[in-house]
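Shared between the two complexes below is subunit A, which has subunit B as its partner in the first and subunit C in the second.
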Partner chain A sequence: MPEKTFPFSLTKEKKDNYLTQELTKLTLYHREHCRYYRKMTDAIGFDPAAIRHYADLPYLPVTLFKELRLSSLPEEEADYKTVTSSGTSSQKRSQIILDADTRTQQQIALTKIGSSFLGGRRMPYLVIDCPSTIHSRNNFSARTSGIIGFSIFGTHRTFALRDDMSLDLEAVRNFLEQYGGSRFLIFGFTFMVWEYFLRVLEKENIRLDCSNAILLHGGGWKKMQDKAVSKAEYKDRLQKACGISHVLEYYGMAEQTGSIFFECECGHLHCSDYSGILFRRPEDFSLCGIGEPGLIQVMSLLPKSYPGHNLLTEDEGRLLGVDDCPCGRAGEYFEVIGRVRNAELRGCSDTYEAIGS
Partner chain B sequence: MKPLDLEKIKEMPIEYLAGDAQVLARLPQQEPWVPFDDRTLAFLNALSAALRRNPQTRQMPDAASFAFWCRQGNMQQLKKKYAQPDRIGRGITVHFAPSNIPVLFAFTLVSGLLSGSCTVVRLARKKSPQEALICAAIRQLTEGEFRELRPRIVLCRYAHSSEITDMLSSVCDVRVLWGSDESVLAIRKSPLPPRGVDMPFAARGSAAVIRAKSVLESDSVDILARNFYNDTYLNDQNACSSPVMIGWLGEPDEVQAAQKIFWSEMEKLLAARNYTVPAELAVRKLNAAYVLAAVCGAEKIIRHDSRLIRVQVPAFCEDMWEHTVPGGFFIECAGTDLSMMCPVLGSRCQTVCRIGVEAQEIAAMTAAQGLRGVDRIVPAGHTLDYALTWDGFNMIEMMSRKISCE
Partner chain C sequence: MTNLEKYNKIIKKYLKCKDEELNDETLVYNRYPTWDSVTHVDMVSELEETFGVYFETIDITSFGKYSLGIEILRKLGVDI
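The block that comes next holds the complex of A and B.
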């Protein structure tokens, strides 16, 4: 078995101690620096003396960033940008306050984590998205930060789509002619790859050879769930349409910098030394056992500019194991089941019908 | 009056659960009846009997309570309360039913018929077994013994279509709108005839006032809790009339003791009824509690489990209405004076559920303080009761006209 190397080196006991100590510090830090965060943690009776394990620390619902602007930066601090999460499926967008320091830390973490799965060498980089996605300046979307973030693994970045989302076949063919002969990277949001790349190739019967590609995709299965496409079918059709055999999925969210989880060679998502992950039962938010599905809670040591270090998501997943994945990486490995469905309630208010549905 | 263009209506994608395109086209030709007309009451009594005879009704408590509500005895009582001399139905009423109280369509239909008007109900997109049961009984009766009612009732369903809503609106004298603010406003874009009126039942919220002493001195807190459960959890606390804002009257130590007794009784009940909260809602409730702590001054979030979340605030404020969530979410405030309720008794507030407090006391305060809310004050266990006076409207008066005789 390969040696446990950073950033997948901490085994359970070490990681428990480390995260408990560091996340407690971060919790106290944000209580000092973010007024809202202090009020919220006061309201649940947060008591640092009662913390035995990082699971005891307060966590915020990830949806909170859609309603509140949570910042731990001084008011006059000008050096920050706001990232808005994809929000493609809901009307409200999250506001995430990032300063230069948190961004740098994030980039470092992404490089370390990503290299473990993609190797240390940069590869030609084909983006299944349009150039205009990265051109908005202060209002970053999750797609923007994904494209820019993963650029550190790539060279010769090429956009496969035009700004009207149509496939720029000429650009793609040129890219493949130049770089398709050896290993290269394709990146895109799960749904974008499906809708604007794969489906177009299929419909128009276009033949491309991407057999040397590693496809890295992520960004939620919600839209794909609606289309009822399974992961197996997704991979299968990509293989048939353009010969992609190496598909890597990642899980992460704009609301928590530093937490990015890649799929390993065994098809398991891995939690790095930078992050913690827990699964909670919806009925009382108690912790799930191994294999038991629950709401995913993610923790990261990186967010300093805003209190996003400990978040409860609306995604459902399950822990598959700790420290013993055959791929050799230490830490938790898990799978994401999907976004929890909107509750159907009895009662009369606000339920009449979505206009235009 | 001229009938509507039958050919045009026939082309519209409308599904009829009672009546048909022809009945709809000929509505303008029907005569209005007087409120509580004997023919209407006989029909309703037969509907009540038919539903109560059907063993399926016993499986559906809400359908059963509708059946019980339209029985002769109750209708005679309502007649005494609401019938007035020299009144006649306005003509045609068109009702837009909400989707998630399955039997509300039937109550609103009956209120239209009782007024003496012909009644069209546009049913919500979501179908329910209650709806199927009640519609079948109405069809059977109006095609049999009660043919006189057939030309006066249309129950229909259609996918969002402003063309159809325009057509229905163009003939109606009174339009009754149930639903969210957005859906009510969307329908109101369709013009009414010059003399047509709207009776909108848009999004509201409700409160409760509990005198701590009455809980402490009660020897039947279990019954009290059961009544309050029926007011809230029975409909996932998602009805406009289910209380969310809870005011506790009493000295701090009394209130604390009363809350402990009351909520632990509620916990027992939630466990006994096996009430469950979907994951998405569990997160939404936590989210709302945090927002209240961050921006509305909430001091304490008490999470028994995901079924029961209480957010304690030092004082109520109007903004809190923007952060309520259904499914067992309560904003609590304590004080010795009823006036602490005032900030949440604005136009958003529909019902006040009272426990250990006289209705008159609350009504008097509402009038004295000039509050814009509080249309209804009821004891625990009755917030979901259907009444012909709703959101401050006397529905019979709204859907009929008074012939002034001098």
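The block that comes next holds the complex of A and C.
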């Protein structure tokens, strides 16, 4: 079994202590720097002396970032960017305030986590999206943020789609001609890869050889579930259409960019040393046991400019185990089951419609 | 052109900065307005091509200030 290396190095007891200590610090930090956050944590009777474990710390519903602009930056701080999560035109989007330091920490975490799965060697990078997604550099969507964030693993960034979302077959063929002979990276949001790449190849009977590709995708299954496409079918059809056999998925959200969860060789999503994950019963928010489905709560050590370090999502998942995944990584591993019924629709790649608006 | 001049030329081209800004106080990744991650990756590509070197992902994230790019190039064997 490989050695436990950063950022998948902390085994249960160490991680419990470490996260309890660091997340308590962050909670206190945000209480001091964000007025709303202090009021909310006061309202639920937060008492630092009563914290025994990080599970005792207060958490915010992730949807709160749609209602409130939560910032822990000094008011005069002008150097920040805003990332908005997905949301259809009728929905509100989350607004996340990021300063330079938090952005840098996010990029470092993403690089360390990603390198554990993709290796340290960068690869030619084919993006299943359009060039205009990276035009706005100050206020960007989760999609933009993903494309930019992962570009650190890539060389020769090439966009597979035109700005009208049609497949730029010439660009893709040129890319494959030059780089398709050895390992390369394809990145896209789950739904975008399906709708604007795979479905087009199938419909138009286009043959491409992507057998050397690693496909990295994430951003939500909601729209795929609407189409009744299972993960197995998703993979199977990609393999058939263009020979992609190496598929890596990640789970993450705009509200906690950087400390994302990658799927390992065994198909399990892994929680890194940068984050914690808990599962709660929707009836009473008590903690689930291993294997028991519940609401996913995510904790991250990265957010400093906004109080998003401890969030209850609307996603349902279950813990599969801790420290004993056959891939050798320490920490929790889990699966995402889907969106909790009646939860507000949400998922990055689900909302291409919103991008044009 | 010396290697340092080549380096500065690339930095100025991508970050759109002036000669007097070529220092660590001014040129900080994510702080200097034009130095965001897209520009960063594109700038690294040109440095790689110009100097015939290859940045690992870890080098890319270490390159957070003006002088750190020079340090990384030296580590990669460039006489600069």
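Assume the second predicted complex is superposed on the first by the 338 of 357 C-alpha atoms of A that agree within 3 Å, B and C clash if a C-alpha of one lies under 4 Å from a C-alpha of the other, contacts with A are read in each partner's own complex, and residues count from 1 in each chain.
Here is the rule we go by: a contact is a pair of C-beta atoms (placed from the backbone, for glycine too) under 8 Å apart; a residue touches a chain by one contact, two chains touch by 3 or more.
Model, not experiment: these values are computed from the prediction.
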| message | Under the stated touch criterion, which partner chain does A:N17 make contact with: subunit B (first), subunit C (second), both, or neither? | response | neither
| Is A:T5 contacted by the first partner subunit B, the second partner subunit C, both or neither? | neither
| query | Is A:G154 in contact with subunit B, with subunit C, with both, or with neither (first, second, both, neither)? | reply | second
| query | Which holds for A:S115: it touches subunit B only (first), subunit C only (second), both, or neither? | reply | second
| query | Which partner does A:I134 reach: the first (subunit B), the second (subunit C), both, or neither? | reply | second
| query | So, does A:N174 touch the first partner subunit B, the second partner subunit C, both, or neither? | reply | neither
| More residues of subunit A in touch with subunit C or with subunit B? | B
| said: A:A100 in the overlay: touching subunit B, subunit C, both, or neither? Say first, second, both or neither. | reply: second
| Parts of subunit C lying in touch with subunit A, wherever the complex brings them together | 28-31, 36-38, 41, 45, 48, 55-58, 60-61, 64
| message | For the complex, give me every residue of subunit A touching subunit C. | response | 79, 100-101, 103-104, 107-108, 111, 114-115, 120-122, 134, 137, 148-149, 151-157
| remark: subunit A residues touching subunit B in their complex are 36, 39-40, 42-45, 60-61, 63-64, 67-68, 282-285, 295, 312, 314, 316, 340-353, 355-357
| request: Can you check the complex and tell me which residues of subunit B touch subunit A? | output: 96, 98-101, 104, 124-125, 160, 178-184, 186, 203-205, 234-240, 242, 276-284, 286-287, 289-291, 293-295, 298-301, 303, 305-307, 311, 326-327
